[in-house]
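This is the structure I want to talk about, given as structure tokens.
Labels for the chains are A, B, C, D, E and F, by order of writing; each one numbers its residues from 1.
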């Protein structure tokens, strides 16, 4: 139903190599100061990384005549459509309006997403059934846990529309990368250059770190002056920085 | 461009007679506890009442490559479309995500809405040019004032979609009534009965108030027992309660 | 039903003369840093002062099977008991848990309090029917306005128990003074000395202000050195500082 | 001193089998949307479940002339009475007013509760001595850790009165169940039916999950249509769903 | 003691002509999205405008052994130095850490500032003695009112250092302009161009507003196309836009 | 560059023996209720304790023309000076204004602090590169994790000035102790007596705990009456309480 572009293989590999800290730095160099959702944590600590294009789902506040099991679990409900239609490899990004007192969904829908091959879930709200979710091999980054079903407080209303998630604009197709620092949202048109320059930054920072660990001062090293850069180039020749 | 139903004359007259307190009570009797946006105030104290069907506009967080004057003031921007397309008699309801550090719009766009005959504006964010807005004969209920243009922090993204405003679900066409207690959102399918029963409640409360002012205890009067109801019916015959 | 001591005439007169700023200073001198409820405003600007002993009412969160008109407006409900039993001259102090999305009560119950001679109302939550309350000759200090009845969100549960109101401990019988800076709560056992020393402070500050208005530096004057104190004593002899 | 009913054995067993997510769903079906305290975590991760009737303790803000070690650790202080009088098997539920900058109590009082056989502690505030509490075999769910003693900021004032805890009404005797999603409060009169229907829901969800794990779509399965229900009944006959 | 440059006459005149909305737009065009302090209101509504260079004062949290009348009202206290040393024409900008439960200062120190010719006061905290301050001919923009003296909660610590005020960086000498939309902080090096271009923007917006009031659509007018610009230039020739 | 006194050996040993809970109690006995920063957690759980004198760094909000990599990573930037100049054994205490959406610094600067022998870092904001920081043998207590560099939102501005950190006043040289309950700040002039009395309190509490674990009531034991004190003295003779 939704035709969304998967990530090219090279781009995906580069982004999997990068921390959100490096990506956020690259976006900031391009003037983007509001591209990172902070305060999220992975429910399953063994699945604390994800990369993929965004498939968006927006919630609005619940209204009691609609927020009930009957109307919220029919298969025309936008959340249910999202679960069954999100393409493999995509990230389900949820604008839960920061809702922390009810949970977006629980282990049954999460298990369905896992079976369907999604890359992960990012929500600025809470999830439920955390004890079960912790055992699932699915990266889920969210802002907390809560026992009540989402429709106790919010209702899914908008599918693949531009949303806000944790104070960040997310357009369908934007590239989402998450790790334990949070989730960064890369505008699709910037993804290639951010990935390319990010790999270079990552490599340089590994060099710098190795020098700091040896006891060198950061003055002249970070950022590097000419001598440090020459040293860096020699270091690159000797070892590739962990990524080519 | 948007075909939305105006309010029937009788419904509008009844709602204009009612306080938001009475309407909220009627909604609560029907199980709706989350239908009132609190914390809003009218910018122009002489225009502190409004009634009309909702025309909705949703914002998302700003992204710096889009949040600039060039892209935000073109006439294909959803906010600009809303300003020029909202039907007369409607209320522009804005999901500004509670944004208080930039202002939705200022006196030029507000003046345009006034000329176009809109019933008013309700926003859970701030407005700008407050000194000018205070002089406009347009009811604007919002959560504060701020000098920067909206795109310093947020961008219009969704037009006539279901939104949340101040924690309340608003669907296009819902009936909005505002006074200095806030703005109440009546689901369209409930508007007639809420208006009808609200008028009856308002009349009864005026009777009760008149008795309290005379020194009667609230016990047996509020809520009224049978004797008080009989008294009320006599009172109604003598004076219509201010509305027929 | 409740036997509570009214304020002695001399104490009441002194406190009516004092601003909450002076009283808060006197409490601070005695080590009390958390005795003032900030962020409250009088609904009726012409009734922006009150003095009286506290009669307390505590709310808890609403539970839907109890939070309805039937169970909340019976006359055994603690709020209704408070309205009918609070002694004249007392202040109804409400722990509304900072609830801003429903209103404690509206014009009917407020009118009843006025008839019953209460000194005023202080709530850390909102009130409803603000348009009507603004016309009542009753000092009501609260944190906002909201249309829904209180039981949309909270329920009265505790009567004349120690409460917290706006971050301040309030015991029944404590002396409450409010003005546009907020409401200060004086432990009953300190009321006399606070009032007495407050009058003296107020008189000194009026003297200081008169000198500042004439262009004197605050150095040596505020706080006063010996010369300034001698000058003050002369000033007192000439005019009594507005209060004896 | 306090006579409170323990939980019947069958009810307790059923509730121990249920997640808070299932219980919250059952309460929501009965119209209760505000029965779950979110944002709490167990201090000791090995003791992350509790079931028992509530014994309540309410705090108010501290006043400096009372908030000191002398007056707060006497054995007539409500907190100390609670510690020594709460019946075995009960849950101590604390309205700490969301206080996160001082800790309700530390390892000595917690150790005393453990010895006395309480089922656990739920507080919407912080606890202190976390390093020690982590080693105690006592379920303690709270909102954080803080070094100062409670009376640095709050004071115990009300014992076995209705309280609010984390936005939820708690009456003495209500049934409290907690797990890592939070703590759910079941009105005592609903506990039996919630437990009974919850077991049935839990069983059905385990069936659904088993089918989702095999790759089935949620359409027609969750919620189940007639065919799925027939399948479910066969599945129940084959295995009891883990609980009888 | 402090040598700070006053504003040049031409710059001051231009800024007095401009709303904070226009200035914030000009700063945003230059990439500055965080230069406006929102949520402030003038205490005296008749003095709701100010323009002047910043003289900064920074507070830190109170410590009880220092936060008392003796140590806080000596004339070596940074706040007292600020009051007596701030040059005429300057704006006292206070980083009160958003403190709303104690008041920066009251009528005596404010009266001293008035006598000394300061342009006004901007604080992200509260002030005390509001009833008196409302009568003073001094523009004071702040976030609320509170009865306790500042040292109940905070202490002055840093004088003419870079501060944050309401989320905005303020360096000594920056130009501050305030009106009822809030207070905008212009980096000194940008003040001239912002003032110059702001006047032009203001004039254009007055023209646009006049056309909107006559019923013209905003399409093609705001922003103006070539025809509208030609019309604007004619309009300018006819009337100077209220400022030259 | 900065001459700051290291802690005397005896004082340091005593403080290393004490929990922040005991230290906060000792400060409270001396009237200090606001000396503990709550809500902080150690990034590396194996390094969850620190003791040392404070070296302070204060941030202000970012301004876009200054908040960029070029101006923020020069070695005259106050943060960079702090990193290279803080004496060994000291604690870097950061007033990050509670900023949670950008990270103070990452693994390179943290590694430099480790090499330089600092005792640890305390910040009321977030850190970045958490995955790397978790592997560093450096105690870092902060309020969260975030991917963007600090200058996305804040800028270092004040070095070794009095600051506020998490609501607590910190003067350079104050003694900082942190554990999983938070970080407590001891005014330097009180450090010796707090450490001495704290050791005594710690010893007494260990005795009390041992008795509670054996099943004794807290009545008469905690606080101890004369009999309990006699018992305690015998207990002390038998074992030294773990510290001499």
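Basically, a residue touches a chain if its C-beta (ideal position, glycine included) is under 8 Å from a C-beta of that chain, and two chains touch if they have at least 3 such contacts.
Predicted model, so just to flag it, every value in this text is computed and none were measured.
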Minimum number of chain-to-chain touching steps separating chain A from chain D: 1
Co-neighbours of chain E and chain D - touch as defined: C, F
Equivalent interface to A-D (more than half of contact pairs same by residue no.) among B-C, C-D or E-F is B-C
How many angstrom lie between the CA centroids of chain A and chain F, rounded to a whole number? 32
Roughly how many whole angstrom separate the Cα centroids of chain A and chain B? 37
Chain B and chain D, separation of their C-alpha mean positions in angstrom: 40
Where in chain C do residues touch two or more of the other chains? 31, 33, 35, 64, 167
Let me know each pair of chains that touch one another. A-B, A-D, A-F, B-C, B-E, C-D, C-E, D-F, E-F
Listed in rising order, chain B residues that touch chain E in their complex are 64, 68-69, 73, 75, 80, 83-84, 100-103, 106-109, 111-112, 115, 126, 128-131, 144-149, 151-153
Touching chain D in the complex: which residues of chain F? 19-21, 23-25, 28-29, 33, 35-36, 38-39, 167, 179-182, 184, 205, 208-209, 212-213, 215, 217-219, 222-223
Help me check something: in the complex, which residues belonging to chain F touch chain E? 30-35, 59-66, 97, 155, 157-158, 161-164, 167-170, 187
